[in-house]
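You will see two complexes here that share subunit A, one where it goes with subunit B and one where it goes with subunit C.
== the complex of A and B ==
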């Protein structure tokens, strides 16, 4: 049975949503509040009234509460006219649907998102395993931190919802993008340990240096592991960005893996999009 | 600010790096650390280095080899190089080490120190560094380490401070993009600008002195970009964005950017009036705590990319948008024994994914049928019929069908994955196509369709996008989605029209019964496009194009492409005769004529 959390639905909207529901799904309705526990849900459907105020903040908070987990957040409204979905997608929504759309279309889309994610292919494991191993090793050696790899999911875009992220372009035999993204508290903890300083003393420049160094080390070390392999790449200059809601391209014919790690109950994510140039399309 | 602003410490031992780096930082030096030559080179390429302090042995090479590399490289030749010699090395092989040290000096090293105890190394290092680097290096570098709160007044110099330039504060959001590497561009909003540089709110977090690029879209879909250096940085509206002040290098590009932005904001003209000029000279309204100029609130900072999965949004087709949302929901999922690895594209009736067969462990094409069509019984029948037709066509030049199934309401085909591109892709770069290769593809397609027609099947949508060339150069005909069995009755038709209008036969456009002559017309139109570089008939709308197929005389291929032979031009002309009975009546006859052209 799939567990769906419906948020802020009016009784009328609840009835409309039922028409779109797939079998084997159970919806629990709640009002939005800051302490919603959403971890065990397979999907969140957020109801949007005519007025959009605060909706992007709600989406942001829900996405934040997902702790990088791939929980689809569907924003539902009943407007007939087109509304620009991009701001909501950037805020963290997975899809924006309307009751004015055909119920069959919405049902199929909801059903699609409820299908379990796939496991990595053998060839994907071949290049993801070194990234996992090196990420853990680097945090251990540079900051004395034990990071546990939790799970991976796949997407056709790199969409970053952490507070601070390091992004590295990859080129050469393989090309792609690597991005590590942290929530603020964990970033400060790691960087303070890396720099042997107090968390309170971490400023913008140390954040920049620390996150740059982490993405540099992960990519640089993994690059060495790929010498002589079709995944070998050259690294460029790391960019460090702050704030959530960044989207780096859409990929056709390739995919981005999102590796989720955990450090003392706090999560961070490593996005890996790597495509050997010689690989088949 | 010193242009060379970091010490680069290279040592294979992490503990050494940590301890010595810490000592140097505490002494006021900005330090970058690397454990290998490759890591050091990465840092050299990304940062300004004032001095390299290197171990004699690194994790991936000899420290002396690294020295030789740096001194032979124009960009790094002038960076001073100091090396560390381990006590152990000295004791074990004194003579050999002395020889290496002398050689290192010959190569351009300026100093060395003996690495005995780490504390001593740090102390000795600091002494030596003070002698090597200019006296003001540390003072200038100290600014790097000062927390932003301590330099709240360090924002862009005001008009009074620098060349009397006027600082302009936009009254509305002005977008600009910033990049560290010229590849990844992060959007930003200008908070103020003067002739020397600008201050912007962005998500990119840099550091003082770092070189960055900014770019601005100018009219005519043209970007102009300029090199700058970061002069101010702070995190604002924690933790969602940063404020960066950049000073632009003197360049024509920067002048162009400045003039454009100033003009955009209507400032140039307004500044001519005394009142505005006076306003521009007035002190900036600032946030007392941060010293940051007030800025318009609620600016959108995120960069929006066009999602190809949702590209149909721009075509105005609501149905297509929903279809594509449906396909997007399946990316990264598993249907039965098949994983949807990545999205390849969608057509009018299906979305195609690169898939993986978990049982047979091979790549496949996963073709997911439109939810709308698969819910309609007659279409469902049609897709099953397509599956039956294609499964009958075992031919090396036809993409094979492996399996058909459904999960919940999702109906899908599993097909042979063609690794390569379509003829339509190849046509975009016609330099890759020789005449001989085109003829080879033409004859192969012709023979394959001969095989198809012998099964009494009409493809009905022959076009460049449905002819693929795999990465071994093998041609494959794909997408029998609207194929029909030609049983002579002419009753079996696809309910919603025809394939691409650019290649559709007149009888197909008119909705008449189709036979192989229709495919021959489409094949002729397809290769007309291949040889001429343009489709036989073009127009702004489907209606115009189809009207031309019905009524307009074909411009002979020879006239469009003088390098093709008259015989080939005549063959295509005959294939594209308006009346089916005036075309070739069999592929065999067509193939024979084409073979004669080749010889």
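== the complex of A and C ==
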């Protein structure tokens, strides 16, 4: 049974939504508040009344509460006229649907987003496990932090809903991209612990620098584990991207594994997009 | 006693600075290989802690320039880098570094590595 969380729905909108519901889905309704725990849901559907005020902030907060999981956030409204969906998509919504559209079309779209992600194949585990092990080792060694690996999913989207990403291009026997993405607060906590100093003393430049160094260390230590294997790669100088909802380009026809870690209830993500040139994996 | 902390990461320079200052060194910071060579020109350096991948001039090029210059060829170099494959380490040692410490490292590991490359009479 799929769990869907409907947020801010009026009784009338609840009835309209039922017509669009797929089989094997259970909807629970709640009013929006800042402490919603939405991680166990398969989908969030947010109802938008006529007024749009603060809807993008709500979407941002919901996306943050997803803790890097690929939970679809559908924004639903009942207006006939077209609404520019871009601001909502930028804020973190996956799709914007209207009750004015056909119920069958909406049902198909909702159903599509409820298709479950797949588990890693054995050959994918072979290259993901070293990244998990080394990421935990680096944070433990440099910051005394215990990072818990929570889950992995595969994504072919280039949207990343964090605040800051460190990115490393890979070349050589394998090609691809590695990216580590943090929300600002956790990045600041980690960098402060790495420097054995107070968080108040950590400025934006140090966060950029630290996130860059973390992806540098993850890449460098993991490449050693791949010596003699088709996943071996060479690294370059890392780059840093800052801004909510930023985008990272991957190679065409590749899928990124998104590894989610948790530190004291806060999450960060490592994106691993790696493709051996010679072997078909 | 002065040493150079050469790393393009201000974060890493800050981490290393705290450790070596506690050991009694005065740390001079360089953000790339060229800055490292500029500081060496001023003299009085006992040890260089050198990152490999840096902009402008990388760590390997710095080692090669130091070893071909009579003024700097005897100054110990400890390479501190994420490049930790065996052939890379051999490459660095062959080029003239006295030691190699892979990142990530603990304060204890850095202290031990400095102890291994620096003669007893050159320590603070």
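Quick note on the criterion: the second predicted complex is superposed on the first by the 253 of 281 C-alpha atoms of A that agree within 3 Å, B and C clash if a C-alpha of one lies under 4 Å from a C-alpha of the other, contacts with A are read in each partner's own complex, and residues count from 1 in each chain.
Just so we're on the same page, contacts are C-beta pairs under 8 Å (C-beta built on N, C-alpha and C of every residue); 3 or more make two chains touch, one makes a residue touch a chain.
None of the values given here were measured: they were computed from a predicted structure.
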Superposition on subunit A - do subunit B and subunit C clash or fit: clash
Which of subunit B and subunit C A:191 touches, first, second, both or neither: second
Subunit A residues touched - subunit C or subunit B, whichever exceeds: B
Touched partner set for A:137, first subunit B, second subunit C, both or neither: second
Which superposed partner A:227 touches (first subunit B, second subunit C, both, neither): second
Which of subunit B and subunit C A:26 touches, first, second, both or neither: neither
Subunit B versus subunit C as contact partner of A:210, first or second or both or neither: second
Partner chain(s) touched by A:240 [first = subunit B, second = subunit C, both, neither]: first
Subunit B and subunit C contact sites that coincide on subunit A, given as residue numbers: 141-142, 196, 205, 209, 216-217, 220, 223-224, 235-237
Subunit A residues touching subunit B - in the complex, by the definition given at the top: 22, 86-87, 90, 95, 97, 101-102, 104-105, 107-113, 115-119, 121-122, 141-142, 153-157, 163-164, 167, 169, 177, 184, 196, 201, 203-205, 207-209, 211, 216-217, 220, 223-224, 235-255, 280-281
Complex interface listing, subunit B residues touching subunit A: 14, 18, 22, 38-39, 42-43, 45-46, 60, 144-145, 147-149, 179-181, 183-184, 186, 203-208, 233-235, 238-242, 300-309, 318, 322-323, 325-326, 328-335, 339-345, 354, 356, 361, 363, 371-372, 375, 407-410, 417, 419-421, 471
Residues of subunit C touching subunit A in the complex: 8-12, 14-15, 18, 53, 55, 81-86, 102-106
Contact footprint of subunit C on subunit A as seen in their complex: 137-138, 141-142, 191, 194-196, 205-206, 209-210, 212-213, 216-217, 219-221, 223-224, 227, 235-237
